[in-house]
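Please find the structures below.
Here come two complexes built around chain A, the first alongside chain B, the second alongside chain C.
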Partner chain A sequence: MTPRAGRVRKPGVAFFDFTCCEGCQLDALNLTEDQIMDLLRAVEIVEFREVKTGGCESYDISFVEGSIAREEDADRLRDIRERSKTVIALGACAHIGGVNCLRNLVPADAALQEVYGDAAGDYDILDTVLPIDAVIDVDYVIPGCPINPEEFARTVADLLLGKEPRLPRHPVCVECKMAGNLCVFEKGQTCVGPITRAGCKAICVTAGRHCWGCRGLVDDPNIDAQREILDDAGLTVEQILEEFRIYFSCGKEAL
Partner chain B sequence: MSSTNIHVHHVTRIEGHADIDVILSDGRIEKVLWSVTESPRLFEVMLRGRDYGDVAHVASRICGICSIAHSLASIRATEKAFGIEVSRQSEKLRSLLFHAEVLESHILHAYFLAAPDFLGVDSAVSLASSDEDALRRAMRLKRLAYVLAEELAGRKTHPISCVVGGFAKLPDPRRLEAVLTALRDSLADLERTVDLFASLEMPDFARETEYIALTDPHEYAFLSNTVASSDTGSSPIEAFVEEIEEFCVPHSTAKYARHRRPSYMVGALSRFNLSHDRLRTRAKDAAERLGLVAPCHNPHANTSAQVVECMHAAEESISILEELLGAPLSSPRVEVVPRAGRGIGVVEAPRGLLIHDYTYEASGAIASANCIIPTNQNHGNIQADMEALLPSLVDPSEDEIRHRLEVLVRAYDPCVSCSTHALRVRVGRTEARGARP
Partner chain C sequence: MRAYDILIIDGEPIVRESIREWLARAGYNVEAVGSVDDALEAASEHEIHVAVADHRPDNAGAIDMLCRVKSEHPKITTVLIASQPSHTVEEAAAQACEVDHVLRPFPPDRLERLIRETMRSIHAEREGPVGVGLAPEPLAEVVEPRETFVLSSVALKALFDSLAASNRVFAVVEREGKYSYQAVADFAELSLDFDTTLLPPTRFLFPPRETLLDLRLGASPAAEPVVSEEASVLFGVHPYDLRAIELLDEVFMGQQPDPNYIARRRNTILIGIECLRPSATAFAPSMDADVVESGFDLMLAPVNGDFAVIVGTERGSKILQGRDGIRAPTDAEIAALSAQREAASKRYRVQLSVSRARLPRLLEDYYDDPYWGDRSRTCLSCGSCVMVCPTCFCFDVADQVDLDLSTARRVRRWDGCMLSDFALVASGENFRATREDRFRHRMFRKGKYLVERYGIVGCVGCGRCTTACLPRIASPAEAWNEIAEIDRAERRRTRTLRGKADSYVPHMATLKRVAPLTEREKVFELRLPRDQEVGHQPGQFVMVSVPGIGEAPISIASSPTRRGSIELAIRDTGNVTHAMHGLAPGAVLGVRGPFGNGFPLEALEWRDLILIAGGIGLFPLRSLIQYVADRRDRFGDVTILYGARSPEERVFTVDLAEWSRREDLTLRQTVDQGSEAWGGHVGVITTLIPSIVIQPAKTMAVVVGPPVMYRFVIGELKKKGLADDQIAVSLERHMKCGTGKCGHCQINGIYACQDGPVFTLEELNVLQEAVA
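Right, the complex of A and B next:
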């Protein structure tokens, strides 16, 4: 498409989903009315199967949600990569495998047998569930299970302005203290916040629970971690990871 | 003789991936097949071994759009297994949280997924140019439901504060006051929503089936332990799960379910058919304006029933909030002591009956889990409706076949992410002449 005089072509944005709960694509639209209208003015949503009929050949920005669990999905993902200028992993399932990786703790055929019984042979799945960067090159990540809608809006704005989207490098504990929360370790509970990448404002602790690590590890957990908290609790990075399997079962996050 | 196949691959505007295949032979419909092609999720395996404190966190991720329903079904299953009863205040807060999800999910489906078929646009996003007012109204209502859920549970998608035993944190009454005001104001938006959907023409089609939903003598039930069937009457959930049969079908990664007949229907239309007399005042009036009369056997009217339930959800939420805010909120949680045993947690998710059936070890870890999802209970009925709908079309073109089937499927608001998790329509034709390559 050639830009016409007086009208710049809007970037074509697409959403694709693989094995996941589709909560991240829904939360991408959990913005205010005005934020969504601004977004719709700035970009052209060219493919969004869940809310839109019709598709397109190539994309400026592709948001990919979900993990890869079948060979046919890996093929579809490679095809999306070839047709996209920028690929962004949307949410924990795409970024680190998300909760889907709990399936990796059980051999694939045993898992199928358990759910489908005698019909298990009709289904073909990969031995382990994969985050998308195990299959293709990924340009940026919007972490979280689910994503933080504000972070999504900021990432899109950065890309439209030609800026590099950046993720926080500090752990969740920093935001947790800023939110004024009492550390759950003081209540005798454990929390994986000291080694998890911030950006969610420690929402789970603020809502009365602890951090599960859905945003993945900080860049270098042995250096960037909130060490005092772990030391006071007498825990090593390895030990705390062992306790929090839900988002850390894909192998990729192993140290 | 030759045949043509119509294939709708990954039906759009539904939650998840599914396909429709139609084979036409000499202009006659020989076969129509609804199949779920989503990758198997294997949640039952993922839940096994999890500690009760993490179970709802994982179970919620079965579906992002009805994560509150999955969380609460999960928590209720665990509480039953442990023999825990939560406080009345917790029950009220849960009911409020639940109605927020009903409102959000139905607005999403009615405006964004179903309405474009009747407004002749490819997506609600196209409304930005044709009817910005409607689009903004839909976004406002959705947002309000999100805000209510955020105040109660920290987050709408995958709620955080609702836990086994009650709530990990109580909401701030001042902020709830603000939501109450916004809910009262939203009634005008909901009235206009009823007007919009009353002006749309629903396809004329009817096929009577078995309608199943939770029931309660005193209210329009979303959280209850009694199941009602239009065929067999009421039974406790524990008895009902013994009566239904789950089964696998080739080419579908979702399981199917049947009760007394080969298929049954769950969801807003079933609830309306079984409990319409317990709707709140404005909701009853909305049903009348939408031309919805029980018993209604047109599955397309499921969308109208959802609009009625949006109104009900707002009215109910206002009433619960008024009651809760009339007295100070007290201690949020009862003590939780795990024990070995089985518990069946059931809720009316926006798309229908949702059952989580867990067996726990004494340690508080899950020994086995089974989740029976609304869409899986509807698959058989979708197939039967397709088989009944197609012969009623007079000399349909391939496009018309495709369109009518997609509209039918969308009316069910299937959530294929849940049922494993997408929709394709494939139409094949077997013709006497003019063989196609």
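Right, the complex of A and C next:
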């Protein structure tokens, strides 16, 4: 069937998920109803979760969630990349490995054993859990655990307008100050806001917790200085690891 | 009836004519008169928009003249130019009547800009509003003298309640032992006794995020400004934060006014509270920000269980009107107020060890010091220091598109120089890529650049940045003190190296020749014993003494290239100079020196030169002209401009004749008033400049003359495309020692006898006192 003349083809958007904590998926996006309607008007959701087997679909924008833990995931991801004009990592798992990287703290065999017991041999898991950019080229990232729905909406809008989506380059402290928070260090607690990319409006500190770095590092983090302030706050290396390993376990961003 | 944009009132022809020419060439209709009577006559006969007068010792009636014009023609905008718009001048101007603007003559194009804006707002008024209140109107009217009353705490609560009834009130509230501004409806919730707040109250005038424009995208795009006119009250603002608001006012309401800021500022009532419990990291007294005289509508201070309230503006006075429980303070209360202020100022634990005024030059000398790199090693680039700073006002602007793709908002949010991408440009270059660059920039911006741009130090010593910085490196006081200490150590080192003490003992020189130049001026040729050379540079001076009469600084009028003796040209103005005029050859005089920096020969060599002298400004400039003539091959094209009041008052006419004969020098002369015998150019010296051809890139100008001449000549030179570092001037100051000690020649933080008398404009721009 040929499309009707004059009809502008809407960009085809697909969502895929891999090993994922809870899901930053569309249904968990927390967009307002209006925003969802706007989104559906602007794009065509051509795929959700599973690639049609044997299909030869191609996508304008593919959102990929979750980290890569098994060899077959990696193959599937490479296939998605081939069919997509733009690939966007959606959420911390896809972006930096996320919570799943905790697995990297123990040897792969042991993890397998622990999780799957005797069935372990049936699974072909990778040596380490990987963020998706360790497997394929990623065009853009919507970071966070969970993602910030406003940022999602803005990124989509920017892409549809042909504008390069930009993430903030400054750290969470900036937004934390804007929010008028008392720094948790002043209360004797610790935080990795100074080296974590902003964009979440420092919601965790505002809510009375601290930042654990779910949005990944800023471009030029001063890790040594961060370590020094954590040291000064009385944390031992073990405590630092314990406290902040959730999002810092995927090797390249180890604290 | 003619319409004049501008009326200039000045008794001094060079001032009057220069301003006239300069504004006329900028395209305005200008009338210039020499007296207030002429001014009034002009104002009643013609339509006039702006009246300008210059406040100088010899034009002291300037304020009165403007006031008389204003009182008879209230629609005329009055502008007082004052080389030092001190509080006294401003207050005098405000008190006598409301002189609309008091302006410094530097930079010289400021007047033009102000006039441009005034004219624009006049036209806008006629044609109805175009933008959103773009013209900076005066804020709430300041009242003088500031009266003090006393309120009981019950009366203060009533005052709060009445304000809260019709406005949003933001006041300080305690939370986890820290203070912050919150919307408060109940007086019982707020604190008036706090050290400092997490975020400064400036955020209500310049919020962390705000929408500037609502945008419509698509085929017929549109932009709607978003300006909030909502009224609010800031209840309990410390003096240092009021000082910071003063800087923001200058930034956002001066040039290129910001409608969003102006709307908020105008609709915000500022109620101050004196700070009696300074935070441990604050150093407000060092920044002159622990006590303020203005910038508030009302200022509160607790006194013996009640509250003193000082009225700062008309608006503040209205708030107090008709309230119960208000009375005049007792003598005991007034004494208690100043005693507690005094006691509070002693409670600050951090102090600057160097005067504020010295900061710009001090910093400049240590731009490359390793300190910046060492100290910034642990900087997280987290931006906390700039986010909490009341004087920080940098921002980022971005369009946020809605998912419907048809609407968007142009949003600005706080940004700051400590963030790693602040100076990143589209091509990917980052002008301040390292922590060191950014750390130094912030300290320079606060201590130097803002002073140079706005004349206000960019830090009020609130100490918030120090507290907010996790690695504890953000305190400007600490950085400046460190640099001052490095400087002191450096000076100690050079002091011991140099060894030889500057001596007050003069050389005894013999007067070889005396010749009259004009009625009041003579030239003296002096020889040192054993034919010693003075060893001077053009532009330096010596202290000449007649034993028993005294010492006076006198420029050396001859070039060091003419060896064997020096020439001094001297006008008979007072004791020493008069005594010298009575001396005959063979007399013995004391000479010390040479002193001062002289003309910047390294910067002048290989360039085209424009050498400009007015009156006896030729005395020092002659040494440079001789030098250039003797080393002609080291300089490009040389143009000499000389102006005098009359042909008879020209000095060194023999030299002038010689220079005009030389093919490799161009000399142009002019006189203010010609005579029958004078066949040359008539007009003030600025009139010579437009016709000369300058290649700005390779030209340096040197200007020496009476103070009034400088700014107009400079204005003309700038029009020719010369930058501030291409214009050097020589300043005359009262001098007693020549060695940077007696303090007479001090201009702000520097000593003209040592650091001057020659300065480039770039150097002068930081010195509020420079051109007097």
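By definition in this document, the second predicted complex is superposed on the first by the 213 of 255 C-alpha atoms of A that agree within 3 Å, B and C clash if a C-alpha of one lies under 4 Å from a C-alpha of the other, contacts with A are read in each partner's own complex, and residues count from 1 in each chain.
Rule of thumb we're sticking to: contacts are C-beta pairs under 8 Å (C-beta built on N, C-alpha and C of every residue); 3 or more make two chains touch, one makes a residue touch a chain.
Given the structure is predicted, the values throughout are model-derived calculations rather than measurements.
*Asks:* Does the chain A-based superposition show chain B and chain C clashing or fitting?
*Replies:* Partners fit side by side after overlay.
*Asks:* Which holds for A:Glu186: it touches chain B only (first), chain C only (second), both, or neither?
*Replies:* After superposing on A, A:Glu186 lies in contact with chain C but is clear of chain B.
*Asks:* Give one of first, second, both or neither to describe whether A:Val135 is in contact with chain B, with chain C, with both, or with none.
*Replies:* A:Val135 sits against neither chain B nor chain C.
*Asks:* Touching A:Phe18, do we find chain B (first), chain C (second), both, or neither?
*Replies:* The first partner, chain B, only.
*Asks:* Quick check for you: in the superposed arrangement, does A:Asp158 touch first (chain B), second (chain C), both or neither?
*Replies:* second
*Asks:* Of chain B and chain C, which one touches more of chain A's residues?
*Replies:* The partner that reaches more residues of chain A in the superposed model: B.
*Asks:* Taking the superposition as given, does A:Ile45 touch the first partner, chain B, the second, chain C, both, or neither?
*Replies:* It touches chain B, and chain C stays clear.
*Asks:* Using C-alpha centres in the superposed arrangement, which angle lies between chain B and chain C as seen from chain A, in steps of 10 degrees?
*Replies:* 130
*Asks:* Is A:Ile203 contacted by the first partner chain B, the second partner chain C, both or neither?
*Replies:* After superposition on chain A, A:Ile203 lies in contact with chain B alone.
*Asks:* Between chain B and chain C, what is the tightest CA to CA spacing in Å in the combined model?
*Replies:* 13
*Asks:* Can you list the chain A residues touching chain C in their complex?
*Replies:* Listed in rising order, the residues are 31, 35, 38-39, 41-42, 153-154, 156-158, 160-161, 163, 166, 169-171, 173-174, 177-178, 180-183, 185-187, 193-195, 218-220, 222, 224-226, 228-229.
*Asks:* Quick one: in the complex, what on chain B touches chain A?
*Replies:* Per the stated touch rule, the residues are 10, 12-17, 38-42, 44-46, 48-50, 54, 57-58, 61-65, 67, 108, 112-113, 116, 122-125, 128, 132, 136, 139-140, 142-143, 146, 153-158, 160-161, 163, 167-169, 248, 250, 253, 255, 417, 421-422.
*Asks:* Okay, in this complex, where on chain A does chain B touch?
*Replies:* 18-27, 30, 32-33, 36-37, 40, 45, 48-54, 69-70, 73, 98-100, 102-103, 105-106, 110-112, 114-117, 119, 122-123, 125, 145-146, 203-204, 206-209, 212, 246
*Asks:* Chain A touches which residues of chain C in the complex?
*Replies:* Going by the criterion above, the answer is residues 175-176, 178, 180, 198-199, 208-209, 217, 377-384, 387-388, 398, 400-405, 413-414, 416, 419-421, 424, 435, 467-468, 470-471.
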